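There are two complexes below, and they share subunit A, which is joined by subunit B in the first and by subunit C in the second.
Presenting the complex of A and B:
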């Protein structure tokens, strides 16, 4: 399974500084602080890298196999989708 | 250490400034203006253990000079302890500055992502093994942000590693500012220090620093400078000065002061290169440069913007001017480790070897003898600088482009410029604005100071 397209949803704003990323969901009036791998992934996502590049960055950053990196990446993206931060277009390809 | 007639007081200098002398002891952080009889009295007293009566003008100076100063700057010893990790992600650049030998971005190799990760891992491992809590990563080029994907990965990865190990991380980059607004805003949010190359208003910038298609770059670079100004990072502007722009330094300073809010403006003389010679660009006249940078500083200083010539920073005593000799590890795109960010061919052509080792899958492979070899690149090996009062500030300048194994006091234009600006900086610190103006208007006085064969007080007749 892989995410073909990833879109940050309208109403999501964020502030990235040198130690953390704060994401505010204006629709749900909620916020979330991202650090560690989640913070790194949000940085790359906001720079509009495609899924394949996110996967490569993740594999390198997590020092793991492509399969493990894919699991971790999808898990994080799906959690963000559940929170209403992103919209994923997932395929089984 | 230079042998001295003054027991325990070897680095005391005296510079002629019109009808007085500027006494300068860098290791005591002491400067004073003395008339010739007072200087003679001080010189005689230093040669003996005599005390001067408390009322004597020079007795306080004498007392201070007899106290120990800071230690003479020396190269590091012991295990390699890098003050930062430098990453050269690419040697290429999308700009085509008329004085720069960087190659077009598409014809030069980029650092593989795996190598960037390995360099960061190895650096953090080294710091942890030494109990260090602070990591510092600098990005050089070429233009580092022409390899933006590697910067995006490296910055996020370094943050990840620093957080895992409970370390503080600082990030710095030297950049041309020629990229999208989105990338620029991200840089401003992530980096601690940015050194932006910007030579002046549009007419100067577009003439000296066009893009590869000879189009002007000022519009985009100025937009970047505004973004950096509005951010909370430490923002430096670095302007290259040529023979044609030196007289315009005050105008450039006024423009920068009007447009931006940098913490510091660094004016540096053009370093001749094959490309600059082809474009018939030359370094500025050093006498004009000293006058012009002072006038520029009178515009910038009141706004809290430091005006700097890097070789004339009198507030820093060092044994080497640059990363070489300071245990810095700089990683080239091909994995070579050095402490010099110039091209290998540049230092090889001077018969120098600046290699520190290599990085591979197992991490840094640093040759101990290379480390010791690089530590020898210090002021203590530079015969030209033996009797110069700038020896612990300029430290002889660039080891590659400014070879200093020539007889003492063989001062070239770069030396003249550094000596004049350093002397003026000392006088400025003593609030001697009138004397500085008189000195800079008196070419013979400037010549006497700049050409003095030895600055050592003990050599003064």
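Presenting the complex of A and C:
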């Protein structure tokens, strides 16, 4: 399973601080603080990097195999989708 | 507290004015007497003992003396935020109030000119301070690192007004283009204020901080200096709640319509200031994790609630969003 398209949803704003990224969901009036790998992944998303590059960067950042990196990447993205931060288009393959 | 916008026009043209959005968004220029009575009722119901008049220039309201009289009849003291060059009728009605029931915060650097007040404007303001006496509290908005507060000491000595200076920082309008003090200039401004505080104290004048100051404008030695000079120190940014002529409740002028509550007339007849404030605080809370600097969200002073992280309008300008 892989995410074909990933889109940050309207109403999501963020600020990159010295050691963390603060995400505010303007629709839900809620916030989330991202650090470490999550913070880095968010920055890559804002750069609109393609999934293959997200996967490659995740593998390098997490120092793990491609399979493990894919698991972690999808898990994080699906969590963000559940929170209403991003929209994913997932396909098998 | 709650501030009542009673007039949106102003005959000054301060480049740093953060009330400019009021004039752009089509609010009525002057509050009607009927709406004003509703606001007084709102203040009384909310247990607020003061009617705080803001604008624009509040004294330009054609019925300003009537508004002051109605506020006094409602048992409220009156606070007016003014540029100090008010119409004679407005000045006279304030001079007639008991000093303990009236404070006029006079912005000493309001001007039509980018270079600041003319000699004539400055002289006229000193005369306003003199006529108002202890009712007058001089204020100064720091708009750039090149400022000098010493002229205020002689103005205070000449006029027998309150022995205080209310210091403000020029904050940005969130969706506007006013001239404002950039946070990277704050440290230098802090040094200058810390140098001036003992001079003011020596002259018997106490400094007070308005909103938006941050703790890191001052090092520990400068903080000691401020404390010894009895400066009224505050590093806060929180909504007072400004009620516009159209009846909307704003966090503050700088944030404009962001977090604003649009109140129907019947809601204005039933709501309480504390409830409006709570609602606005809740709406703005997620953004307060951040501050004006990248370091704010990990700052020990912010963690301890000793500093709010500066003006929220500055902070919100740091947030990014995806272009759709």
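By definition in this document, the second predicted complex is superposed on the first by the 93 of 93 C-alpha atoms of A that agree within 3 Å, B and C clash if a C-alpha of one lies under 4 Å from a C-alpha of the other, contacts with A are read in each partner's own complex, and residues count from 1 in each chain.
Following the convention adopted for this analysis, a contact is a pair of C-beta atoms (placed from the backbone, for glycine too) under 8 Å apart; a residue touches a chain by one contact, two chains touch by 3 or more.
What you see is a predicted model, and the numbers here were worked out from it, not measured in a lab.
**Student:** On subunit A, do subunit B and subunit C fit together or clash when superposed?
**Tutor:** In the superposition, subunit B and subunit C stay clear of each other.
**Student:** Here's one for you: vertex at subunit A, rays to subunit B and subunit C, all C-alpha centres; what's the angle to the nearest 10 degrees?
**Tutor:** About 70 degrees, rounded to the nearest 10.
**Student:** Where does A:43 make contact in the superposed view: on subunit B (first), on subunit C (second), on both, or on neither?
**Tutor:** A:43 sits against subunit B, while subunit C stays out of touch.
**Student:** Would you sort A:16 into first (subunit B), second (subunit C), both or neither based on which partner it touches?
**Tutor:** Both subunit B and subunit C are touched by A:16.
**Student:** With both complexes superposed on chain A, which partner does A:35 reach: first (subunit B), second (subunit C), both or neither?
**Tutor:** It touches subunit B, and subunit C stays clear.
**Student:** Check the residue A:82 against both partner chains and state whether it touches subunit B (first), subunit C (second), both, or neither.
**Tutor:** neither
**Student:** Figure out whether A:60 sits in contact with subunit B (first) or subunit C (second), or with both, or with neither.
**Tutor:** After superposition on chain A, A:60 lies in contact with subunit B alone.
**Student:** Working from the superposed arrangement, determine the closest approach of subunit B to subunit C, counting only CA atoms, in whole Å.
**Tutor:** Here the least C-alpha separation of subunit B and subunit C stands at 6 Å.
**Student:** Following superposition on chain A, which residues of subunit A contact subunit B and also contact subunit C?
**Tutor:** Residues 16-19, 46 of subunit A touch both subunit B and subunit C.
**Student:** Applying the document's contact rule, which stretches of subunit A touch subunit B when the two form their complex?
**Tutor:** Contacts found on subunit A: 16-19, 35-37, 39-40, 43-44, 46-47, 49, 53, 56-57, 60-61.
**Student:** Mind listing the subunit C positions that touch subunit A in their complex?
**Tutor:** So the residues of subunit C touching subunit A come out as 282-283, 285-287, 289-290, 294-298, 315, 318-322, 324.
**Student:** Any idea which subunit B residues touch subunit A in the complex?
**Tutor:** The contact residues of subunit B facing subunit A are 113-114, 117, 148-149, 152-153, 155-157, 159-160, 163-164, 169, 171, 182, 186, 189-190, 192.
**Student:** Applying the document's contact rule, which stretches of subunit A touch subunit C when the two form their complex?
**Tutor:** 7-8, 10, 12-20, 22, 24-25, 29-31, 33, 46
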